[in-house]
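Here chain A shows up in two complexes: once beside chain B, once beside chain C.
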Partner chain A sequence: MKKVVIRKGIYRDSINLMQMSTALSKLPGVSQAAVVMATELNRRVLAEAGFAGSDISRAATDDMIVAVDARDAKSLDAALAEAEDLILSKGPGSAGEARLPGSLEEALQAVPDANMVLISVPGRFARREASHALSRGLNVFLFSSNVSLDEELELKEAARERGLLMMGPDCGTSIINHKVFGFGNAVRPGPIGIVSASGTGLQEVSTLVHKNGLGISQAIGTGSGDMSELVGGITMAEGLRRLEGDPETKAIVLISKPPSPKVAAKVLAMARDCKKPVVVNFLGADLTAQALGRARGARTLEDAARAACSAAGAQPPSAEAVPRELVASASLEWPKLAESQRYVRGLFAGGTLCYEAQVVLGPVVGDVYSNGPIRPELKVEGEAPSKKHACIDMGAEEFVEGRLHPMIDFALRKTRIAKEAADPETAVLLLDVELGYGSNPDPAGELSPSIRDAKAAAASRGRYLPVVASIVATEGDLQNLAKQEATLRDAGTLIAPSNASATRLAAMIASRGKGGAS
Partner chain B sequence: MTAVDPPRLEAVTVGEAANAILGGSRRGRVEGVYRGAVNVSLRGGLVSLVPEPSERGPININVALPDGRPMSSFGLQAGDKVRVYGTTLDVGGRLLVSTRSAGLYSPSMRFEPVLPLEELRRNLLAARRTGLAHGNLSGLGELLRAEGGQDTRGSLGLFASAAAPRIEALEESVRRGDAALTARAVSELTGLGPGLTPSSDDMLAGMALFMVLCSRSSHVSRPGFEALLRALGSGARGRTTALSEAYLKEASAGRGNEAVVSLCEALLTGREGAVVSRTRRLLGVGETSGTDTLLGVVIGGELCVEPAHRPGGHRP
Partner chain C sequence: MPKAKPRRGAPGIFGRDLKVVNIGIPTFADDLSAQGVTVVKVDWKPPAGGDSEMMRLLDKLGT
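On to the complex of A and B.
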């Protein structure tokens, strides 16, 4: 059944029109829905498609047409009622519109005693907004990326002069006074403080600390540019200083991909002199005992979480490179591999998890190619077909520009899973899944059909495709961890307790049990 | 009792066309009010008041909103009267916009040196593939799949399937240089598709803009191409939304938003990496507008590089 409704004097931008079309199309019993401007040609095309109604010919160009094709009258009425609700609730300035602050000043009018602001605007405006916030005496969490290092330095120096904390730019996660900013997980309060130049690194360590029975006092994101030589680790140093003085924090974890040597030396000097135990995880960096002094080095994020818990006086469960029951499951997988299946293919939403996987895989399987490689000669374009062992950061700029982050939008990763499944050299797919604030409401539901399809596609070509994943999450996360695990397992995924463990498991499968467990 | 002055906003940039329209107009009316724009119809044409940060464009007046309100929160309604006093725009007596210290957005319409034909083709292919991988295909973007004459019509949505044969007819009319057929083909596309600027209009704007910029940069001129510009300049009137009409008119004069102009520049003179990054930027414009505009740019570009219509000025 097809029907059109004309609405006059309703002004919606393209995004609203498309969102309404999409929302109506997804309603039960609706096979097609369109909310479009009533131009002559749109009216004609709709009429030709059978949407002719009594009033379609009376519409004017700037009117809005709601066209719905539903299987029965009940579905049609429900869809048109929903359309009306959407129109009424989304109108600019209408009573139903949530009035979000459009600027810092407006936000401060609403919350005059705020002392921190989260800013997420296009990169070219980020410096201006953050600078304004600092001048108003606010600590800043700057989510925006595409801010130059010069601008970052300027902002961080201004923050330092005013005694404020400048988290970011390109800061994905912080937990301040037990409130999550950006992407993050429902971790319990506790004695571990974190300062991290990596968003997913912070998430992985904080959730592993939670799984080890402890919790987080503060987790300060610095933004990925902080540990560059130009910026000089200003926020890392400030975060460490603040955690040293924080009575709730008993042990501190510092996380970064390999920093500039000069900055690493500066931060390590502070860590050595810190009155509290400090665990340093500069992924892939070779930290000597002399450089670390009293601080403790951790090779992986998993090691860092465990070491921090020990330093805070807890006894985390004993370390197993890969849990025994997973080794047993994996040993049933590799005998099914075809001879051509030789390589691990990691597709990551978390950039630091991608990097950690390379750190773990390299010593076991040899060179690992990546769009964010450990060594420059292993660099490949992210969108190019995978080469040998490969770990691809699907959250890299080349993938996310103009799109949502892959922790929210799985479209590109799903496409890539299908491509890897079609490659006869793929021995095992390695995935990360992030739950928590900001992430997709049902990541396992998004990935599982693709995993099933990938396995089926491989099977149709006479191959068996193992899939290994880790889930960055706690049981308190909104997406329901148990349900997410069950959904992925039902799709044939082996789930490891950490990214490092999942990587070892993948290596073990690809090498037919020869690597990974050590 | 004291009268309350309406808020006064400072314009940061004014598009070239908007500047000319303000210079020649005294009165007008509010055409539409949206969260992200207030469109004002003046005697010389339509201008769009948009908040920073927004793409700079020929009809845009980008205004700083110090109190951060959405453009829809000033109590304005369609039909409100507008007056222009010198460099101040009085919108419905509820909002004053000063353009006194605004910069002029007036991008170059000529890019040199233009790449050899083969590199231009490669750039167009990179843009097309980037659009397919990253664009919002729910307008006409699915038609980007029609690489090398591939027929994709079986799987298209309502508006894309209506647009596909019409676009083919337009391409053919431009190839033939047939002004009457071109005018008819343009009228059969104008106003078609979803969006406040309907998808086909975005496509037409991208196509025209690339062809104008290519012709100015490489001195190409063809009867079909000029007929297309004439049809867009005049034939859209009353057939689509006021905003779309304004954009089509500007595109036919070689003026477009920053994102599409910078893509055209990269296609004509740049390396593949620049093409990909600028395509991605264009894809971020609007909901489907960026992707639909890209489709037009690619179609316009492919018409320009076809052997029979080889633009002059290329290096051998």
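On to the complex of A and C.
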């Protein structure tokens, strides 16, 4: 039996809501439970799950919905009572925590010399909070998405006028003074500065720089809208200018998906005129024909990390397209494939890693379909069944509206892994795994049972299913990189040292040995 | 922008001790604390109960 309770005007953040949902789902007699804010998407998802009713349609966006499906009235009442306890116990002051400030103004009484505000409220409130912070002379890291480009432009112009850094909206990662904001990894301090319009792009390049033996001075996230024609790369330009003047920074990497020609020209001109060496990575773009002066272009994130290390005066270890021992392992995999298994299926938590995979796969296997395609004609709906070679960004809007990011919540990726395993045309699964601050505490523990099940499901139909992954991480990350690697390997996963390398390995397997070099 | 005192030409953030106010998801604040950063969490709730007209009025009043 199902019941829905609406709590008017009660707000909790998405992590708190997930924790409450999980706790209720584990109660005896409860088959499903959800505690969500009553956004349109969440109301629709609940209706699809059979919780339709007038109560839900009356709920406003700022109301909380508790929805429980239990086997009998006793279990249902117990779950709803527990929900009430959880909601009340999360209030400030009741869990042994001192009363927290209720606003930025109150917080500034506690830290009058604050110099940064980290904002992750729902998008429609984000401009207001960021605007308050800027007007008080504070730098802003704005994690929230769903802020319009007009609002982004207004915030960034205000920040520029005041000499402040405006990172975001939709900024996933920054490393300021060697401290990670948002999602990011424990990289060592060093001479490479980064400005990136992509969160996972920043994570991949910073961890690859670390693996190459160097480190990061500052890494500034701009948010994905910064390189739009309207915003015109304000934070990208501001970040580059500051890194040029930063004594710790010896070489600079700029990262973005290919921007509009106008913004690209502006950024390239700044890179060319910079007093320090600059590596420009407009993912997939060939910049060799551009007059870049001391700056240079890099086609992939992996290239960008290596080029930056060279530019900073280091000699990164010689690159193999795919490490030899992995080629040896892969060559034991492809002879086990059935005739029908022809396609690479990439399921990504990192949107930019999904994009990089398409850039790397294309020349080896041909067209790759995606919900975030490199060419418009290759666009597919993310939720549609895969066709041919496909790379799906599971962090795209259609998967995360009203949900946590797939770096934290693996539910949708696990379901999709099972679907790809059931498809007789799937030759190899390609995955990314992100460790570090902000991510799930045990990503390998989340994915491994699904990988085992996928391999078993394929085996039960007479097929063998190879799985390839890369891990965005350093040995300093809290999740324990060695243990994460071991867990994934035990589940039968081949682990490559970068996303580009994992992608080449997957291409090699699907094409029965082609694509080893690039 | 709400009316308040801007600090033009604020000093750059690089190399300074970070002191952060966190508005929103508390785990971001916990991660910064674990890195030794001073963080104050705000117990954020939608202003004016999420009423956009009321928010505009509050902004006009500079609160």
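The criterion applied here is as follows: the second predicted complex is superposed on the first by the 415 of 518 C-alpha atoms of A that agree within 3 Å, B and C clash if a C-alpha of one lies under 4 Å from a C-alpha of the other, contacts with A are read in each partner's own complex, and residues count from 1 in each chain.
Assume a contact is a pair of C-beta atoms (placed from the backbone, for glycine too) under 8 Å apart; a residue touches a chain by one contact, two chains touch by 3 or more.
Because the structure is predicted, anything quoted here is derived from the model rather than measured.
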*Identify the partner contact of A:273: answer first if only chain B is touched, second if only chain C is, both if each is, neither if none is.*
neither
_chain B versus chain C as contact partner of A:138, first or second or both or neither_ = second
_Contact-wise, after the overlay, does A:11 reach chain B, chain C, both or neither (first, second, both, neither)?_
both
_Contact-wise, after the overlay, does A:84 reach chain B, chain C, both or neither (first, second, both, neither)?_
neither
*Please indicate which partner A:104 is in contact with in the superposed arrangement: first for chain B, second for chain C, both, or neither.*
both
*Is A:125 touching the first partner chain B, the second partner chain C, both, or neither of them?*
both
_Of the two partners chain B and chain C, which one touches more residues belonging to chain A?_
C
*Is A:438 contacted by the first partner chain B, the second partner chain C, both or neither?*
second
*Between chain B (first) and chain C (second), which does A:218 come into contact with in this model arrangement: first, second, both, or neither?*
second
*Examine A:62 and indicate which partner it touches, taking first as chain B and second as chain C; both and neither are also allowed.*
both
*For chain A, which residues lie in the overlap of the chain B contacts and the chain C contacts?*
9, 11, 13-15, 61-62, 92, 101-104, 106-107, 121-122, 124-125
*Which residues, counting only chain B, touch chain A once they are in their complex?*
32-37, 51-53, 65-70, 72-73, 75, 78, 133-134, 136, 138, 158-159, 162, 188-198, 200, 238-242, 276-277, 280-281, 283-284, 286-290
*Tell me, which parts of chain C touch chain A in their complex?*
1-16, 18-29, 31-32, 35-38, 40-47, 49-50, 52, 55, 59
*Along chain A, where are the residues that touch chain C in the complex?*
9, 11, 13-16, 60-62, 92, 99-104, 106-108, 110-111, 113-122, 124-125, 128-129, 131-139, 143-144, 154, 158, 161-165, 176-177, 179-182, 218, 242, 246, 248, 437-438
*asked:* Going by the contact rule set out above, which residues of chain A touch chain B in the complex?
replied: 9, 11-15, 17-19, 21-22, 32, 34-37, 39-42, 45-46, 48-49, 61-62, 92-93, 101-107, 121-122, 124-125, 383, 398, 401-403, 412
